[in-house]
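Below: a set of structures, written as structure tokens.
Next come two complexes built around subunit A: one with subunit B, the other with subunit C.
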Partner chain A sequence: MTLLSYRAAAAVKRLKAVAKHPYFGFVLFGLVLIAFRLLSLGGLIPNSLMKPLVLTMIYAIVALGFSLLLGYGGLASLGTAGFVGLGSYVIGHFSGTLGYPFLATLAISLVGAVVLGAIVGFISLRIEGMYLAIITLGLSEILKEVFKSFNAFTNGVNGLGFRNFALFGLPVSDFAVDLIVIVVFILLIVGTLNIIKSPTGRALLAMKNSDSAAQSMGIGLMKYRLLAFVLATIYAVIGGMLYMADQKFSIPTTWTLDFSLNILAAVVVGGAQSITGILLGTFMIFGLNMTVLNNIPFFLAYPDATWILNGVLIILVTMFYPGGLIRLLLTVKFRLVKAVNILKKKWRRYRYGEDD
Partner chain B sequence: MFENILIVVACVVAVYYAVDLVFLRKQQKRPVYQQRLINLLLFLGILTVLVLAVREMTLYLFLQIFLLNIAELCVLILATTGIVLIFKTSVTTNFAQGTIATVGAFTAAKLILWLTANTGYAMPVKLALALVASAMTAFVIGLFVDTVIIRNSRYPNSIGKQMITMGLVLVLLGLMPLLFGLVPLTIEQFSYDGKLINLTDTLILYVPDHNLFAAAVTAAMLVLLFAALRFTKWGLGVRATASSETVAGMMGVNTRLITAMSWAIAGVFGGVAAYLYAPVGSAVTVSFMTPVQVNGFLASVLGGFSTFGGPIVGAILINLFQSIASFYNSVWTNVIVYVLVLLLVLAKPLGLFGKKTAKKV
Partner chain C sequence: MAKMIERRLLGYRLHLLIRLRDKKQFWDSYLPIRLAAIAERRDRRIAAIGLRTEAGLRSAAVAAGIDTPVAALERDARLKRLDERFAWKAKALVQSRRRALAKHPDDAGVAASFDRKDADLASRKETRRAAILLGNRPEGAGSAAAKEAYETRLKVAQDVSRIESERLAADAERVLARIHAEHQKKTSAIGARIARLEAGVASLKDASAAAELLPEGVHLRLKNLSMRFGGLLAVDNLSFDVRQGEIFGLIGPNGAGKTTIFNCITRFYRPTSGTMWYRRNAVETIRLNDFPVHDIVRQGIVRTFQNVELVWELSILDNLLVGAHTVYRSGFFHQLFHTRKLRREEEVMRARAMGVLATLGLAPYAFAYPYGLPYGILKKVEVARTLMAAPKLIILDEPAAGLNDKETEELAVLIRKIRDDYHATIFLVEHDMGLVMDVCDTVCAISFGKMLAIGTPAQIQANALVRQAYLGEES
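Here is the complex of A and B:
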């Protein structure tokens, strides 16, 4: 009997240890998402809720990559839209139109991402701060013009459709696409966690605080800047590929400055240095519009009006909570814990008498 | 012979550019002769490209394309000046410059419609009133942004201000369909005629009246701005704030007033730019100023934010590149121009006329 209870206690202890692992929350989140998807298969959760959630996850992937740049590297870039667009066109053209095997497409897109990221990183060595944001904006505009004009690759202004998506010879259904998105999403979150806690992440953080100080501590500016941009571009390109797999259509007018600004907004509103914050921010900027607001008649008549909320949110957060909504939540939590403690104390006084 | 020389010069510039980018930049401190050399070579390079291109397309055609593009050039100069004015006083890039201007253009277009329906004014009067309305709307919004939003923000740093302008873009983009409806509006030109200039008996150049009007308005506004910067107390304050806001404040400059006025005046520049752009660009829609905004940013980076004249030269260069590139290849015009600007900025990271500011660690 005692042995059994001892074993049970040990199991509980082990479970507690697992629950404290940094991956635990995110893996659980992924499992919940998969459960959601299964429920929506049975019709318990409407598709109008599930579709936006999947799209939000794709945007969150892009935002995660961007946070490596902004939150950890301190590098403001407005080239996101171009890179995401590139990813969508690469998979659309090579896998869809030409019918290459998926691994070949993946290789092409990764090479493209590394080359582009290296170019931007190289530029970032010379140009800093707000100039960099503008130059990357120019780069994104170049990519957008290429999408518009390079008809053989992107089908021009008419947009490129994406049919016959096959993985290793098997056609992929919508359900499978959603599962892939969820799995890639969780994997990338875990990957980002690892990068942040690794020497690379620390080096990026040092660079953000002061270039010169980081250099004098032996951190090579060139290596880490290039790395930050290459990583961000890879995330963006993966996001673009998933976008194409999910939406099955890509058109140049999607990949404008607005898209980059929205990703930036998601990262800033949530809190650039916290993964939970980024997920929260992405949901506030993209998910909330698509799931809740678009069902309100007023916003159905004026779909652009949802942007007002986003804009006001960005302005208020930058004005009063530069750490993002996650910082606000933490503050609220801290206050609550304090209040609960005071209540507890009062209860004890009442229960056990005045002096304790 | 002449072309051969030019091509040799272009080659020298290209080789130096590559060497400079890859090897010489590694040196910590750049000697003065090298800075002068790269300035000279860049100047030669730009000149060579222009001369070669103009010879290819003949001077007549070049002038004609340039004259047809004057309105867009003026719009770009006005927008760029607004961006630089804000950068000088608030040290931030105003992403909402184009969107604030769009609100002005919408007001102007609505006013024209209202005046046509309710009053019997002649067309020029209506258009003049609309111009004032556009400028004043942008003035008020600019003032509002600085005094209400930016001044009350708890942690004002340049990235934060930049974020606020981005948020403002989204707010205005959402508000405009509510205020002005979803239908694109139009602003008419003062006259759809043009002037003819006889170069010789056979070569005749054509300038649309709207372009002359735009040039006159732009010139007047720029002269006023530069005179104000040079001779008024406000101008002195702007220059003092630009060099250091804290020190200017300590010396008794009312930096809050200076900043607020800069935002408002930048708004006026944007409003007039949008008003001039609407008849030549496209109908007034929520995002019709976006290309101008992007080009304005690139022009200010190309010219360097640290002077007022530099960005104007940048705007002129971008417009020249555009008119030349559109002659050779109309589809890839923007790509060619952006790549050229990118290469130039890589050679001179602080802009063509930029000055290096010392930074403490």
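Here is the complex of A and C:
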């Protein structure tokens, strides 16, 4: 008995050590999401909840890439929509219409992402701040026009449909697509975490704080600006591919400034430097009205009111918590701990006399 | 032509030499970290064996009525907890008695009932205490048979635990020996390459043209440096030498062009004309004009800034790691997957950063964030950050700006200490004459981009031109 209890104590200790690992929370989150998906197979969770969750995850992938750019590199870009759209058309055209093997499509899209990211990165060496945002916006608009008129590739303004595609010879079902989204999502979170906690992440932050200080420490602006843009573009293209696999349809009117601004809002509202914050922000901007608000009768009657509520939330968060939702959460936690401590103290004074 | 090729070859070899030395230093600093980790794991495992053996013997010990040391410790802890809990209860009782008496001041029944409660509490405590002291001993514990059974089990358990511990210790010993051997092999191979290269370099040294460019002992030479911003000539045909291992001060009234000179050396500005020669090592001399800004630190020149330029989102320790950016050898792949190579490197860098922080007396702030720390500390952190890149020439831009007298005195000590411990040349711009005259070996005074005087602090103080520039015509 005593030996058993000793063993149990040792096991708990080991588990605690595992739980402290920075990946633990996110991996657990992924497992919970997979469990959700399995439950929705049995009908325990309605599809109307699961579908928006998967879409939110796809947007969160794009937002993660964007946070590397904005939160770490300090580079503002409004070109996200174009890159996500490009990813969706690449998989739609090459895997769907032409029936290329998936690995070939992946290679094409990654090469495209690197080239595009490098181009924008070069531009960012010369132009900064607002002007960079405008230039990337222009680039995104050019891409949108290309999507509209390049019929052979994108099927023009009618939008491109996407059949179920095959992965390594196996047809991929809707369920498998959702699982792939979840796995890629968690893998990219872990990858982002690794980049943030390594010399590259610190170099990006140094560059954001002061170009000249970063350079004097041997951080080449060209290398790291290019890297930031290439990474963000790769995330966006991956997000676009998953979007196409999930939604099976892509139309140029999706890839407008609205989308880029929403991603920007998600990152800023959530807290540009915290992965948890970005997930929260993405959920607030994209997931909230799809999962929660659409089930409330008032918002069903006036669907546009969700956007008003969203706008109000953005204004409130940015006014009172410039650090983002994550800062709000941390503040709430801090206040709660403080309040509990005060209550405890009061109770002790009442119960045990004046000293604590 | 042949001479040029020879010099290129030499440069390449020196580059290789530096990289190899870095590598050797890396493995040398990694060894103690690794050994300590293995020894710690061994100790933890051996301690765990002891606890496990004890836990296995517990029931036999209870039956035999014998205390094992851990059981005794646990009992003491339980008794202590019991005492504490009952102390609180007694306090609460006193409090409620006071409250009840205040409510019914002349009711004798109240006092009596509280006396009863007190007695009740005391008796309950005694019962618990007795139970704990007894443990969960069954009837007839401590019989001869039980004791004998315990003895035999103890003997077996002790043997098992001894054997296991010895096995663990031997395993650890073997691992330690293997690591030592591997390290020896690795570093001796590197050492042999270093020795070969050094020999080769030494034979080439005489043939090198370094001596033509910079005389022995000169670390940095500015020759006819000019910097023009539109119509303003900020630096006007300035030439001076900074000698190896000295503390060189550059002074001058506001707008004299001191920071411009710094920015020229660190390549933030492109000088209009003039050359900057820099002795990279014993034989290699380079023209700083040929290097981009972010390569300057790789040549061994690191600077600080007038206003503190730290990364506000990172802890002090991580800020120092930013300073070590050029020392890292792990590529992007290693960083993306956090491979062993990167983790090893991070450990070594962290240890190195902690060492630097300890020498500068900043160890308590290692995990703090720069927000809200005193200005003097932040200035010191900036100096600490320069040390992470193994600099040969440290450029300090107004290190004492914004510091109080005490902090400035500390800074003077620190600057000397860095020069002596890290064998670096220090080149500083400063307005605080006390500091300059105190620490500098050579002082150069400039005004409106032109040299006024250069010499020892005493010479500069006595110089009429300098006095005039600072104090005006009359004095």
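In this text, the second predicted complex is superposed on the first by the 339 of 356 C-alpha atoms of A that agree within 3 Å, B and C clash if a C-alpha of one lies under 4 Å from a C-alpha of the other, contacts with A are read in each partner's own complex, and residues count from 1 in each chain.
One rule holds in what follows: a contact is a pair of C-beta atoms (placed from the backbone, for glycine too) under 8 Å apart; a residue touches a chain by one contact, two chains touch by 3 or more.
If you're wondering where the values come from, they're calculated on a predicted model, not measured in any experiment.
Participant: Based on the superposition on subunit A, does the combination of subunit B and subunit C result in a clash or a fit?
Facilitator: fit
Participant: Once the shared chain is lined up, is A:L3 touching subunit B (first), subunit C (second), both, or neither of them?
Facilitator: second
Participant: A:D304 contacts which: subunit B (first), subunit C (second), both, neither?
Facilitator: First partner only.
Participant: Which touches a greater number of subunit A residues, subunit B or subunit C?
Facilitator: Higher number of touched subunit A residues: B.
Participant: If we overlay the two complexes on their shared chain A, which of subunit B and subunit C does A:L329 touch? Say first, second, both or neither.
Facilitator: In the superposed model, A:L329 contacts neither subunit B nor subunit C.
Participant: Answer with first, second, both or neither: which of subunit B and subunit C does A:A213 touch in the superposed model?
Facilitator: The answer is both, since A:A213 touches subunit B and subunit C.
Participant: Does subunit B (first) or subunit C (second) touch A:G353, or do both, or does neither?
Facilitator: The second partner, subunit C, only.
Participant: Name the contact category of A:I123: first (subunit B only), second (subunit C only), both, or neither.
Facilitator: first
Participant: By the touch definition at the top of the document, which applies to A:P199: first (subunit B), second (subunit C), both, or neither?
Facilitator: second
Participant: After superposing the two complexes, find the smallest distance in angstrom between C-alpha atoms of subunit B and C-alpha atoms of subunit C.
Facilitator: Closest C-alpha pair between subunit B and subunit C: 5 Å.
Participant: Based on the A-chain superposition described above, do subunit B and subunit C contact any of the same residues on subunit A, and if so which?
Facilitator: 210, 212-213
Participant: For subunit A, which residues count as touching subunit B in their complex?
Facilitator: 76, 123, 126-131, 133-135, 137-139, 141-142, 145-146, 149, 210, 212-213, 256-258, 261-262, 264-265, 268, 302, 304-315, 318-320, 322
Participant: For subunit B, which residues count as touching subunit A in their complex?
Facilitator: 25, 92-93, 95, 149, 152-155, 158-160, 162-164, 166-178, 182, 286, 290, 294, 297-298, 300-301, 331-332, 334-335, 338-339, 341-342, 345-346, 349-350, 361
Participant: Okay, in this complex, where on subunit C does subunit A touch?
Facilitator: Counting only subunit C, the residues touching subunit A are 48, 51-52, 55-56, 58-59, 88, 91-92, 94-95, 266, 268, 292-298, 302-303, 305, 309-314, 318, 321-323, 325-326, 328, 330, 332, 335-338, 342, 346, 385, 389.
Participant: Considering only the defined contacts, which subunit A positions touch subunit C in the complex?
Facilitator: Listed in rising order, the residues of subunit A that touch subunit C are 1-3, 5-6, 10, 191, 194-195, 197-200, 202-203, 205-206, 209-210, 212-213, 215-221, 227, 273, 350-353.
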